[in-house]
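Shared between the two complexes below is subunit A, which has subunit B as its partner in the first and subunit C in the second.
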Partner chain A sequence: MKRFALLFTFLVGGLLLWGSTDFPDWNDPESPASTYVSNLYITQAYEKTHVPNLVSAILADYRNYDTMFETTVVFTAGTAIFLILRLPLGPLARRRNTEHPEAEPQTLPRDPILEMACRVLFPPTHLFGLYVLTHGHYSPGGGFQAGVILGASFILLAIAFDLRATLSRLPEGLFKPLTALGVAFYVGIGVVCLLLGKNFLDYEGLRAIFSGISPQMIRSHGILLVECGVTVTVSAVIFAIYTNLVSRGNHREGL
Partner chain B sequence: MTWVLDLFLLLFIAGTAVAALESRCLLTSSIILGAYSFMMCLVYASLGAVDVAFTEAAVGAGAGTVFFLATILRTGRKTSR
Partner chain C sequence: MNFIESSFIYWFFVILLMIGLYGAIAKVNLVKKLIGLTIFQTAIILFYVSIGQKKGAGIPILDVGHGHGPPPEITAAQYINPLPHVLMLTAIVVGVATVGVALAVIQRLYAEYGTVEEDEILEMIVTRE
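This part shows the complex of A and B:
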């Protein structure tokens, strides 16, 4: 069976490599990927949105629905892990806690070097996350990456100290609603645009609120607004997944 | 001279992938997968897709490895083979 699996792997791998010879050359101007809309984006995106990083402009303006539903997917993943792992209080919780006696919580001793390193690292990590979010218009970065970095900074706190101390700073009652609030903020921007007489997520509708801004700049600001929603959702989901995984859902003992 | 870098990355990616599959200790596997993610991040960067490389470094190598470690802590380190 294992031999067959290996043979099959090599067969499919060879087929894929053989198929890749039909691809157009890299940097080929005649390739299908660079003949239809990408020319339009490359030539017009900066004039229409004033965002030098084309990836941000396409992600959060031209391909807005994709990003909105990606954020919803992240939220759904966090909620699914929450529903599977987070224990209800009561008899079910006690039963599931005694199922794996050999994998009972191992509390690790506290390490002063780790704690000091975390003290030094935590503020710059946080600041870097905010920088990645707000500078996503000009350099690589944006909502998703910023959210992961912010969530990881809280995970760092939970690893270096303990989970309970971190959860007292950032309680579940705070980060669990934040996972949904980020998505709601994103969709809310779209609904506001709709109510102000434009298409869903057409940021030019926001000019009625922020008066005196050019139609190009309002698209740039709209991108920043929706990226903020993405960041809130992703950071809260990353931290929620970590806390539920590491404590097997009871939020008592962490790594 | 970029083919030297590409060849090095290809060998390293294939090596880490096989090592992660063959390792009996899940902790080792997940750390090797983190190294694999960093190599993929370098590939994306060398292709010019810096945003994708950034995401791969943050999600694949950072958050993913931490999730694996958290799960291993609560289940077990050995594969059942």
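This part shows the complex of A and C:
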């Protein structure tokens, strides 16, 4: 089996190396990937959206459907983890548990240095996450990155204190709906655009609400709105993944 | 020399991809399989990001200031291709979420069968039937 796997790996690798001889030169400005649509993005995205960070402009305006469904995938993954780990165990595991019952979880000794360091670190981490979200138009950043930073700040809290203390402040009943709320907000923006007479997720429809804004600036604001939805979903899902994985789904004892 | 400069980076991705593929096929331990798949995914992500590279171009954030004065002339050669960055940005976060799901499945299998070795789990499924 191992020999077959090695053979197969080298076969695939050899084929890919053979194929890579036909690739355009790396770093070549004239390569096919960098000629057609990419040049349109670079030269026109700023005129149409007033967002200097082209990545944000493409992510949340040109490729809006893609991003919406990526957010839905993240939400689905979070829901799948709940469904896999929070449901009752199967017959084999139940029998083993009755034969060798699990030891009651012990509370770890508290470490004042760690807790103090976490207290100091937590607010700036949060602030930095919000900065990355709102400044994503002008510098590297955006909804996904901000969501991961915010999620990481909650994980920091769960590591420095114990999991139960963190879950008493941020209970499951709060962050579980938040995973869905972000996606709902994103789709809601699209539906509002639809109701105001434009296409789904065409931000120009929002001009009826925010009056006196140029068509370029309304796209910039629309991008910020949907990125907020992405941030909420991603941060809640990251925290949900951590809490469920670390406690094997029972939310009693963390690391 | 020019040949090496223009395509050595593809060799790097192929080698990384081979490591991941071998891990995903040959290892029996499910966690090691998952690590192999993650390495595979990393190779693809690096490959996409490298495609966006252009010689002599800067990051895809326009140098326009915050609406002060007229925007400067923008030419495509100044900035690297932003599209692979957009695609991989979402792929990384979705990758984290799917790895989380995979770990949850493995954890559940461990709770059920007491092992993460694939052959032992298969044996237990066969003997139970």
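Assume the second predicted complex is superposed on the first by the 229 of 255 C-alpha atoms of A that agree within 3 Å, B and C clash if a C-alpha of one lies under 4 Å from a C-alpha of the other, contacts with A are read in each partner's own complex, and residues count from 1 in each chain.
As a working rule, contacts are C-beta pairs under 8 Å (C-beta built on N, C-alpha and C of every residue); 3 or more make two chains touch, one makes a residue touch a chain.
Everything quoted here is computed from the prediction, not taken from an experiment.
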For A:Leu133, decide between first (touching subunit B), second (touching subunit C), both and neither. neither
When the two structures are laid over each other on chain A, which of subunit B and subunit C touches more residues of subunit A? C
Could you tell me if A:Gly141 is touching subunit B, subunit C, both of them or neither one (first, second, both, neither)? first
When the two structures are overlaid on chain A, which partner does A:Tyr41 contact: first (subunit B), second (subunit C), both, or neither? second
Is A:Val55 in contact with subunit B, with subunit C, with both, or with neither (first, second, both, neither)? both
Quick one: is A:Ile149 in contact with subunit B, with subunit C, with both, or with neither? Answer first, second, both or neither. first
According to the stated criteria, A:Arg248 is in contact with first (subunit B), second (subunit C), both, or neither; which is it? both
Report for A:Ile238: first if it touches subunit B alone, second if subunit C alone, otherwise both or neither. both
A:Phe8 contacts which: subunit B (first), subunit C (second), both, neither? second
If I apply the document's touch criterion, which positions on subunit A are contacted by subunit B in one structure and by subunit C in the other? 53, 55, 140, 142, 144-145, 148, 238, 241, 245, 248
For subunit A, which residues are in contact with subunit B within the complex? 53, 55, 100, 102-103, 106, 132, 140-142, 144-145, 148-149, 151-152, 155, 159, 238, 241-242, 245-248, 255
Which residues, counting only subunit C, touch subunit A once they are in their complex? 5-11, 14-15, 17-18, 21-22, 25-26, 50-57, 59-64, 66-67, 71, 74-86, 89-90, 92-94, 96-98, 100-101, 103-105, 107-108, 111-114, 124, 128
Subunit A residues within the subunit C interface of the complex: 1-2, 5-6, 8-10, 12-13, 16-17, 20-21, 23, 25-29, 31, 33-34, 37-39, 41-43, 46-47, 50, 52-55, 58-59, 63, 66-67, 70, 73-74, 77-78, 80-81, 84-85, 89-90, 92-93, 96, 138-140, 142, 144-145, 147-148, 234, 237-238, 241, 244-245, 248-249
Which of the residues in subunit B come into contact with subunit A in the complex? 50-51, 53-55, 58-59, 62-63, 66-67, 69-71, 73-76
